[in-house]
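For clarity, chains are labelled A, B, C, D and E in written order, and residue numbers in each chain start from 1.
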Amino acid sequence: MNQNQSLNQSLNPNLKQSTPLHISFRTPLEHFTLDIDISIPSSGITVLFGPSGCGKTTLLRCIAGLHNAEHAQLSINGDLWERQGCEQQGVHLPAHQRAVGYVFQEPSLFPHLSVKNNLLFGHRRAKQQSPLSLEEVSQLLGISHLLQRMPDKLSGGEKQRISIGRALLSNPGILLMDEPLSALDYATKAEIIPYLEQLHERLSIPIIYVTHALAEVESLADHIVLLDQGRVTAQGPIKEMMLDLSAPLAHFSNAGSLLDAVVSHYDAAYDLTEFSVDGGTVTVPGNIGVVGTAKRIHLSASHISLTRQAALDSTIINILPVTILEISQADTAQCNVRLQLGKHSQILARITRRSKDKLALKTGDKLYAQIKGVSLVKR
Amino acid sequence: MNQNQSLNQSLNPNLKQSTPLHISFRTPLEHFTLDIDISIPSSGITVLFGPSGCGKTTLLRCIAGLHNAEHAQLSINGDLWERQGCEQQGVHLPAHQRAVGYVFQEPSLFPHLSVKNNLLFGHRRAKQQSPLSLEEVSQLLGISHLLQRMPDKLSGGEKQRISIGRALLSNPGILLMDEPLSALDYATKAEIIPYLEQLHERLSIPIIYVTHALAEVESLADHIVLLDQGRVTAQGPIKEMMLDLSAPLAHFSNAGSLLDAVVSHYDAAYDLTEFSVDGGTVTVPGNIGVVGTAKRIHLSASHISLTRQAALDSTIINILPVTILEISQADTAQCNVRLQLGKHSQILARITRRSKDKLALKTGDKLYAQIKGVSLVKR
Amino acid sequence: SQYLPADTARIAVSSNFTIAAQKLALLFEQTSTHTIQVSSGSTGKLYIQIRQGAPFDLLLAADMERPQRLFDEGYANTAAFIYATGKLVLWSRDLAEVSSGLDVLKSKAIRRLAIANPKTAPYGKAAQQVLDNSISSPYPWTLVKGDNIAQTYQFAASGNADAAFVARAQIALDQRGYAWDVPQSLYLPIHQGALLLKRGDNNPAAHAFYRFLQTDKAKSVIQHYGYISQ
Amino acid sequence: MLDAILLTLKLATLTTLILLILGIPLAWWLAQSRGLFKDMIATLVSMPLVLPPTVLGFYLLIALGPDSPLGQLLTSIFGAPLTFTFSGLVIGSVIFSLPFMVQPLRNTFESIGSRPLEVAATLRASPLDTFFSVVLPLSRQGLLTGSIMTFVHTLGEFGVVLMIGGNISGETKVLSIAMYDYVESLEWGKAHLIAGGMLCFSFIVILSVTLMERNSRKGSRL
Amino acid sequence: MLDAILLTLKLATLTTLILLILGIPLAWWLAQSRGLFKDMIATLVSMPLVLPPTVLGFYLLIALGPDSPLGQLLTSIFGAPLTFTFSGLVIGSVIFSLPFMVQPLRNTFESIGSRPLEVAATLRASPLDTFFSVVLPLSRQGLLTGSIMTFVHTLGEFGVVLMIGGNISGETKVLSIAMYDYVESLEWGKAHLIAGGMLCFSFIVILSVTLMERNSRKGSRL
């Protein structure tokens, strides 16, 4: 049946794009068994998130064909890459025939090749010409001045950026990135993240991304998979997952929500961009893009305060009318409040239990959300 | 003169503690020259902060005696470790005679030793018995279950924690840590950071700490050194540096300030701890400590809003009266506002230029600071 | 290729006779159109090689035993003839006493005596016979054995052995040291056999050289090199 | 004498080349995940060293000779027996020098570890491609050591060569045999000359190769 | 015969041990940062292989003999000349097998790289301590290869041994000489026996050592 499917898809390239990736592995590790069975969208960035040693790297290795699992089923972009341990005939595409781009957790440059030849190693071997060029990628990763160096004379962050570039240039069908930005400074990250965002659209390939940095989760993720001790504890589209008060994300100390927004005005005098969001406007510093540009905005839950009346003489510039949809305990001291914004949007606020009682907040109350801490993230 | 000094100090061990570390190196790198000449306090945590490839690792290597600089002068805890390239007689303490604990940027466990023997490698060779025990350290780093494993079967984060443990157990006189927490998840970091904080007090040794994570800077740093292209661009005590509107830190998007606070009350019903700070009280979720405990609080500048009147029906629980000391442009759209709090404290707020003009804020104005986003950091 | 024009013969020569054989080949070539190629080796090796098809036409062995065996085994059509008989000498680089005979072997002057390996070298066998006939063991010196007669000479010539039983041929051209000719009565004669191999039967050059060996001219050369040749 | 020099160089070069061709795949196979069978083969590779060269030559002579099935087979293939020919010498030298090539190569291959291979695979390099573009360049030191040891050993070897070659000038009489002959026939002056020449020559060749390898490595780092 | 077997084992074991003691520091020194001088020494280490064993033996015989200053010195130290003694054999074997030990060790040492040494230094291990607690354990494969090659080569070597040993029963007559003698004197049955025995013995010894090393390595991973 699965073979039929992949047959169909190779006949119809459009269909191929929309087939979800099916990832299912079972393999024993030292202290527990990695046991994963998920389907993730075939486009966009899926973030793998979980504590140290929970099996993230092992999962990526399974997908890349570097770790042999006892039970496995893996279809990527409609092609069956692996099937082990079930009744049907085993399939195991060797690693070098899988079109993955893998950024390893530990820097893994070839010591005998210059930076340039490292970058071009996969590029030269790609089945189809990569739409990215060496110049573009090295420009963007800030490594143009390193091209002639040997890897042993590079700093940690330089090595990491070259690994990223090498994977990108190999024209992969799926990108596996294991904490690719961990050794980079804030400014470099801030340059690379938007590039990664664009990338998966330009190349229209799925990206599986491991990170410990919630900031990266929020700005990059379309889909999130939470792992613990080798098992999936929750997964889903990031927007929904962040708003699901029973899911783990809402309990993190830096919970938040994402909002779709369209640039509606640019105030050149103050260098402020105004977005229209469902149910109001949000103003953000800087010139973000021409009017009409669609963006995604991240609102940190603990930086949203709720008031019964809109304060007027405050430096808070973003004040939106909201309605309480749900209140739920976040920890012993604090509550998460899910709020309706406009017709179809929802945002999350984190307040102390005491404030909740003091203001006697309950479902259905109409309030104003004062928002500090807006950050732009995507699109 | 320097020799006199170190002579004096060896006679007077108390004096030794308070001699600042003198670190001065000049060595050519590929694209620029590392040229550093700083004095840092002999206790507390000094954070080295700077973009990828600016020379942080090289500086640590110089201090550890792993990189030979052309010009060098290094006195640690009152002992002269190195003197090169000046008129006086050269001194170069070999690396193994320098009591450093070095956590390398890349995991560097001995592949032939079990985790336990890796941890004990330096412990066994320490001149004096380390005050830390294997049990304590491995407990705290969450690696007790790994002791019998070989390093090739560990995850990236596990390796990193073991490297930290190994350096701690070697009973160092100075701890050099190169992005020690980069591969760790939020929860693990949150457990280790307070431990590192305690540590430098218990062991009373200086720690030089490289990181790209501002959260780590804020929670750990006593002193900060900013590097760029091999040169020091700014340095000083973290509290002052954060408030110095002309220094680079105040221009980062996540600028903030630190406040000393003492636990004054615990509200068991709502699980809230009240701190008294200079000029008011600040309430924080959770049970932080017994009344009287001194702590350090971090206030993120962009999460402080300023109002002319205190809003009463808001979920914001921390509202403090403040006076504007200084307003300065942070970027084209935003201002940093330095505020006087109580008699001796200062905090930083970040507002849009438009709000500043709308509220006609100027130096001397008395306002209320509404604070969301209080985080506890230290002590 | 290993097939030579018919007027070239390859002769396999026992190591101890190499120099003499080369001289003989030179003389032979002056008086004929044929060419001779000399390959040397220990007789034991040559025997094995011939059995394994080595392209030799003629064998000049160090003993009679192995040519005889080759003949018996059908590697030759005619039996071997004695082209030379070796003479054993007791030789020392530094000790003049050896010139006066075997008595020196009973004195303290000799700490190490070298002979060739009796198992593999005919001169060794002869030297062993001399010792067996004239001195009772245990010997007052250490007996060291060279792999062949050349090594034995090297032991003594380098001063590592005080004296050695070597071949007259080895000292014939070099007047260094002190030598004593061991009486023929003390050992069985060291007859060296020449064998025309089957391969050489069809080779005019081999035949010609085989005949040349029996000429007086050849015999005088052989004697010149320290062998007895009738 | 020029004959012998050329023959020696030809033999040493050919042996080294053939051993590179044979030894590289063998060593690579041995360096991959181990098992009892592989350990046994690896042990067998060292066996040529156990026997004295002459004895090994003796057995090779018999094995390649007209009485053995192998010898008969080879004779029917090559039209003539391989014993007492240059080809026979090459076979003998290859067998005898096998461990000199295989052991260092195997160690170097093992020291590369699996990471570079994994990285290459994720960059779409087939195992063969990986071998040539990653494994061999990372094994330069081992290749150098193996080649030098093989070359030098072939220069100096004479036991095997004497036995299966038969000391035929222009065909199988190499320098080591010539040197041996001179020592045996007490022409020490000539022996000294050859020994000195060979030592100087090898010293210069090996040193040059070492320096060239070092320079080219440095060059590739620029 | 038992004499010869014991003597052979004693010689091979002693040579291997001595070469471990001499070769390890030499290889380590060579593996450290390179220079022309080191490359020259490294090249010299290979030189014993260039000369045919008998010729090398011949020169050793002269060098250790009573005419040479070295020989006189050694004689005055040991009370008697070393030629034709077991000690002489050991010296010869050590010189001749030097490259077998040093080359693999040097390669392994080089493949360790500087990182483990740096880590050890920051953990207060002196260079010597680092050498024993880090370098040697990480070089097990090279030590094994070097020891096996040396051991095996000493078993099979007879050219040098014959020359400086003088084939004295119980003192310098080792198995390889015995084997050679049997081949030369056409007692092939006995030669086969010794050759077979030596091959089997070495095969078993090497295989066991290899397996033991593998197991102990696995063991230390538990």
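Basically, a contact is a pair of C-beta atoms (placed from the backbone, for glycine too) under 8 Å apart; a residue touches a chain by one contact, two chains touch by 3 or more.
Nothing here was measured: the structure is a model prediction, and the numbers come from that model.
S.K.: Chains in contact with chain B and with chain D: which ones?
M.R.: Correct list: A, E.
S.K.: Which chains are shared contacts of chain A and chain E?
M.R.: Both-contact set = B, D.
S.K.: Give me the fewest steps it takes to get from chain B to chain E if each step has to go to a chain it touches.
M.R.: 1
S.K.: How many angstrom between the C-alpha centroids of chain E and chain D?
M.R.: One centre to the other, that is 20 Å.
S.K.: Roughly how far is chain A from chain D, going centre to centre by Cα mean, in whole Å?
M.R.: Measuring from centre to centre gives 56 Å for this pair.
S.K.: State, to the nearest whole Å, the distance from the C-alpha centre of chain C to the C-alpha centre of chain E.
M.R.: Roughly 36 Å, centre to centre.
S.K.: Residues touching two or more other chains, restricted to chain B: which are they?
M.R.: Correct list: empty.
S.K.: Could you tell me which residues belong to chain C and also touch two or more other chains?
M.R.: 45, 48, 151, 154
S.K.: So which stretches of chain E touch two or more other chains?
M.R.: Residues 58, 180, 183 of chain E touch two or more partner chains.
S.K.: What pairs of chains are touching here?
M.R.: A-B, A-D, B-E, C-D, C-E, D-E
S.K.: Taking the touch rule as given, give the residues of chain E at its contact with chain B in the complex, in rising order.
M.R.: For chain E paired with chain B, touching residues are 115-116, 118-127, 129-130, 133-134, 137-138, 220-222.
S.K.: Taking the touch rule as given, give the residues of chain B at its contact with chain A in the complex, in rising order.
M.R.: So the residues of chain B in touch with chain A come to 30-31, 50-53, 56-57, 105-107, 142, 145, 149, 153-158, 161, 178-179, 182-189, 212, 214, 252-253, 267, 270-272, 283, 285-286, 300, 302-309, 311, 313-317, 331-334, 349, 351-357, 359, 361, 370, 372-373.
S.K.: In their shared complex, at which residues does chain C touch chain E?
M.R.: 42, 44-45, 47-48, 66, 69, 112, 114, 117, 119-120, 142-147, 151, 154-155, 158-161
S.K.: For chain C, which residues are in contact with chain D within the complex?
M.R.: Touch list, chain C to chain D: 2, 10, 12, 15, 18-19, 37, 39-41, 45, 48-49, 51-56, 148, 150-151, 153-154, 157, 170, 174.
S.K.: Could you please specify the touching residues of chain A with respect to chain D in the complex?
M.R.: It comes out as residues 64-66, 94-102, 104, 108, 110-114, 121-122, 125-127, 148, 150, 152, 166-167, 170.
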